[in-house]
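Two complexes follow with subunit A in common, the first pairing it with subunit B and the second with subunit C.
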Partner chain A sequence: MNLILKKDDLNHQLNAWRQDYEVYAPQSLQNYTHFLPLQDGFELAFDVKAHNTRIPPKALFLPTSEALLKFTRFGGYEQIPSETSPRLIFGIRPCDAHAMTMLDTVFEQERYTDPHWQARRDATLLVGLGCHEPCQTGFCTTVGSGPFNHAGLDAILTDLGDIFLVETLTEKGEGLFSQLETATEEQSAQASVLQQAAAASMPIAFETEGLKEKLDQNFDNPYWEEISRSCLSCGVCTFLCPTCFCFDIVDEAQRGERVRNWDTCMFRTYSLEASGHNPRPSRVERTRQRLSHKYTYWVDQINQIGCTGCGRCVRYCPVGLDIRAMLRKAHQLPSEVAHV
Partner chain B sequence: MPDLDALKAEAKRLLDEGVVEMIIGFKAGDTPLHPQPAFFKTVEEIDRLVYNALCQNNLATYLTRFPKTQKIGMLVRGCENRSVNALVIEGQHPRDGLYLIGVPCEGIIDWRKIIEKTGEEVISVFEQSDNTVLVEAKSGYFTLEKDTLLHESCARCIHPNPISADIVIGELLPEGDPTLAREQVAAFADLSLQERHAWFRQEAERCIRCYACREACPMCYCEECFVDHVSPRWTESGTTPAGMQGWHIVRAFHQTGRCTSCGACERACPMDIKMTYLTEKLNQDMRQKYNFEAGMDTKTPPPFSTITLDDKSRFIV
Partner chain C sequence: MSNEAHNPYLPIPMHVLHAYYESNDRSLKTLELSFDDPQDAREFFAAYNPGQFCLLSVIGKGESALGVASAAWEGDFVRFTIQKMGSVTTALHELKPGDPIGIRGPLGNGFPLEAWKGKNLVIIGGGCAFSTLYALTKHLHHPSNRGDYGKMTVIYGTRTSGLCMYKQDIAAWHQRDDMEVHQAIDVPEQDWLHHVGYVPDVVKEVKPSPVNSVAVVCGPPIMTKYTLPALVELGFTPETIFTSLEKRMKCGVGKCGRCNLGPKYICKDGPVFSLADLNDLPADL
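Here is the complex of A and B:
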């Protein structure tokens, strides 16, 4: 159902939600925006200038570090219970919400469900804000998402000037906005035009058809060396990526905690084995892993590209590497090489 | 701004005459704010060379990746030249295996300062001769004073000229005013202990431990960084306050007498964390107590890397 939320009433609405939820929304932190819990006197920061938050909201479900259990030196351990307090994330962009649904396939598998992830997901509603002026580094439409994609959202807002058009997408989402008046057909049509124009304004960044095959067939091509030559092998692209989820488990013996920390295939230590052998010894193999995971392995596993085109890796790479350019170049690779 | 044609001509000559096997420089990026480090091996490739104030990386960070027997050409600004010198002192590449094309540097633009004024959607950036920068953004055209866009490290730079390049292209610039760097350190030192701690905590707590600062730094070339060592583990893992503060303190201390104030660490940081206030303090201590600045020649090792028999601290020898 389509509803109307007046911008003048937004803060009132957010405060009303705060009675029942911890409400997270993009707010300024230094020079960037970050999903922080709303406090009294909050100031939102989700104008067009800001676009995506620097850290994707995956961090609210998979924190950079979290203790999983406590142990003592003399045996015995105690699991740390999962958080379950109700939360509402307001102003999440469709690319980031879409990414949550992909991460669900990792953390909520039938046999291996991550209790922390699941508890947080179950307790959290996602209210999205569509991108009527999509960002330049973003390429959501190229990879099967879009500036008004509904995946993962309970409701999505379209900015119509003085008002937001609210489309509720789930029962929970409907419950959130039950007080609002219904949108007119005109308003709905206006939003629809805007949404389509936004998607249409985004150029196709690279061809996805046949991409997986190209990458699969060129595992040993010098292409990988070429695209990784200036890579620093830092964790910027993967840590800021909404679909990257790798972690490392460490026992912090001094304080008796087993901790889960973000980890990344771009680090030398990621694939370093106890014997000292490293199957991905250089930036070449690590770059290949990063791209292949998103553009081939994930396609094999869930039949979706593991990237929602948020553009953070492009924007914040310290040496200006651009995954879009890398994938355009991949299309120039030879097709099926005959194996003798 | 350097004379790009002269740079290209020299780079082509070096490759053509076989003086070097490769030249490390920059090429145009895929996005307007980020030129990319590039490795040129043929004369034809040099046509893609670019050099402007948005080239934010310290190219010396790539030097340790190549065999010491390789003849390498590199474009160097003042700080990069000093980083190369510091690496030569530490035995990371022989000086006679290098050919440094020096460029006097007017300072690197911090792209974050551009988008603060124009919004994130930048279409093109053009440096104009009157020390202004014309930025075309989705939100309109902006003419910005270049001086207001410089990265802090560059705004207080003391040595903008390459000091030991094999050739310098462009007019030498006046040396920077060392009082600027001193003032910054003094301003921080004037704060109370509580205030300094609060500042440090506030900066460190945004860290996500991606180690972009480490990888961007030419002097961070250890095969195994102290944070990656697991048996025994030297620091807390993860983003606990102890983990993040431990990383930032020890990273800075490892730079004592080695940091050339290039600021590449801060420019690489995805979380805009200030770090140079720590290394600048150490740099100043080195100047005051040992009359030493890193990388000013290829002979003098950093004070903390030397041991002499008449050392005042008897525990060393």
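Here is the complex of A and C:
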């Protein structure tokens, strides 16, 4: 159902939600926007046009560091209860919400469900804000997402000047906006035009047709060395990626906890084995792992490219490496000649 | 584990039953662990299949992935043989009977024993990687399992005779008439009555028949690398050659990311793969 939320009423609405939920929204902090819980007298940071928070909202579900076990006396241990307090994330961009649905396929597998992830997911509503002026580094439409993609969202807002058009997408989402008046047909039509124009304004960053095959067939091509030459192995592209989920598990003896911390395939120690052998000893293999994971392994696993085109890896790479350029270049790779 | 089965990061509480050195250089130590709660034991053995592994926890030190070296019928304990390598395995070596320990598992797929029924088995191991093959052999020795399989041939190589694990059992295997055992060491030693040479060469010498057979290979990467082609040369098809892989692991349940081989996770989709599986995956080992 399409509803109308007046921008003048937004703060009132957010405060009303705060009665029942901890409400997270993008807020300015130290030159960047972050999803932070709203406090009294909050100020939202929507002035940055269609700009994602620096740290993707996956961090609210898979914290950068989180205790899995607490140690007790005499070598004992107990599990840490999962967080189940109700939360609402307001202003999440469609690329980030879409990424959450991909991460669900990792953390909510039938055989092994991650209790902490699932508890947080079950307790959290996602109210999205579509990107009517898409960002320059984003390429969501190229990889099967889009500036108004609905995946993972309970409701999505479209900015129509003085008002937001609200499309509720789930029952929970409908419950959040039950007080609002219904949108007129003109308003819905206006939003629809704007949504289509936003998607149409985004150029196709690279061709995805045949890309997986090119990457699969050129596992040992010098291409990987060429594209990784200026990489610093800093890991920013993975830490800030909304679909990256790798973590390390370590015992912090002094704190008495077993902790999981974000990890990255861009680090040498990530795959270093006890024997000293390392399957990915240099940036060449590590870059190959990162790109192949997104553009071929995810496709094998869930039939979707494991990238939603948020553009963070492009925007924040300290040496200006651009995954879009890397993938355009991949199309020049040779194709395996089919044996007759 | 019973009421917390949904948390895959929570170790099952156990304690050390026996701890003894397996090799004369004290680099290998075997731990036999017993469950604190009998319900955990029932659940473990209901799920366990030889070829699976567990994550052993020394609280305050960390976790280490190790293959199970015992068969379910041996008793209500789980055996692991541990090579001392880093801080966790050193802590494991220091454990004494009665000490607490946690394990997560059994993890991974294990050997496809159902599909192997009616086949001859060629079991080829090298070094401490023989532990899961020992579990397999023990499992097959049980009278209720032995009849389901044909001829058994075990080829087991170590660098020296002192590094050979499970010595008493293996000595007894030589006396059995339902299996063929070939032991090998890398360099000659006095009084050594078996093969001398590297495992791939011993395989070529023993020439196991590929007819109605499957071969399973576990060993250091260099041994596996040269043994697989030797088996192919003998006429084994990629579908009948199996190996167990290892990579650095943390979660053991397909979430932490690091043990992937293309789209497959060694912890969750392996560790046992056929050569046919591996031929379809990138060589990212």
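We adopt the following convention: the second predicted complex is superposed on the first by the 331 of 340 C-alpha atoms of A that agree within 3 Å, B and C clash if a C-alpha of one lies under 4 Å from a C-alpha of the other, contacts with A are read in each partner's own complex, and residues count from 1 in each chain.
Note that in this section contacts are C-beta pairs under 8 Å (C-beta built on N, C-alpha and C of every residue); 3 or more make two chains touch, one makes a residue touch a chain.
Because the structure is predicted, anything quoted here is derived from the model rather than measured.
Following the overlay on subunit A, a side-by-side fit with no clash is recorded for the pair subunit B and subunit C.
After overlaying the two complexes on the shared chain, residue contacts for A:Leu69 are found with subunit C alone; subunit B is out of touch. Contacts of A:Arg121 after superposition on the shared chain: neither subunit B nor subunit C is touched.
The superposition-derived angle at subunit A (between subunit B and subunit C) is 90°, Cα centres, a multiple of 10.
Of the two partner chains, subunit B is the only one touched by A:Ile55; subunit C is not. Of the two partner chains placed around the shared chain by superposition, neither subunit B nor subunit C is touched by A:His150.
Once chain A of one complex is fitted onto chain A of the other, the partner contacts of A:Ser275 are limited to subunit C, with no touch recorded for subunit B. Of the two partner chains, both subunit B and subunit C are touched by A:Val250.
By the document's definition of touching, neither partner reaches A:His132: not subunit B, not subunit C. With both structures placed on the common chain, the touch criterion links A:Phe107 to subunit C but leaves subunit B unconnected. The minimum CA-CA separation between subunit B and subunit C in the overlaid arrangement is 5 Å, rounded to the whole angstrom.
Comparing the two interfaces of subunit A, the one with subunit B and the one with subunit C have residues 248, 250 in common.
On the subunit A side of its complex with subunit B, the touching residues are 29-32, 48-51, 54-55, 64-65, 133, 135-137, 229-230, 232-236, 239-240, 248, 250, 252, 254, 259, 261-262, 264, 267-269, 314-322, 324-325. Interface residues of subunit A facing subunit C in the complex, by the touch rule stated above, are 68-69, 71, 74-77, 79, 106-107, 109, 111-115, 216, 219, 245-251, 253, 256, 258, 260, 263, 265, 270-275, 277, 279-280, 285, 289, 292-293, 296-298, 300-301.
Subunit B meets subunit A in the complex at residues 29-31, 33-39, 56-57, 61-62, 112, 116, 119-123, 138-139, 206, 208-212, 214-216, 228, 233, 236-240, 243, 267-268, 270-272.
By the touch rule above, subunit C contacts subunit A in their complex via residues 4, 6-11, 13, 57, 59-63, 85-86, 89, 99-102, 221, 246-248, 250-251, 253-258, 260, 262-263, 268, 282-285.
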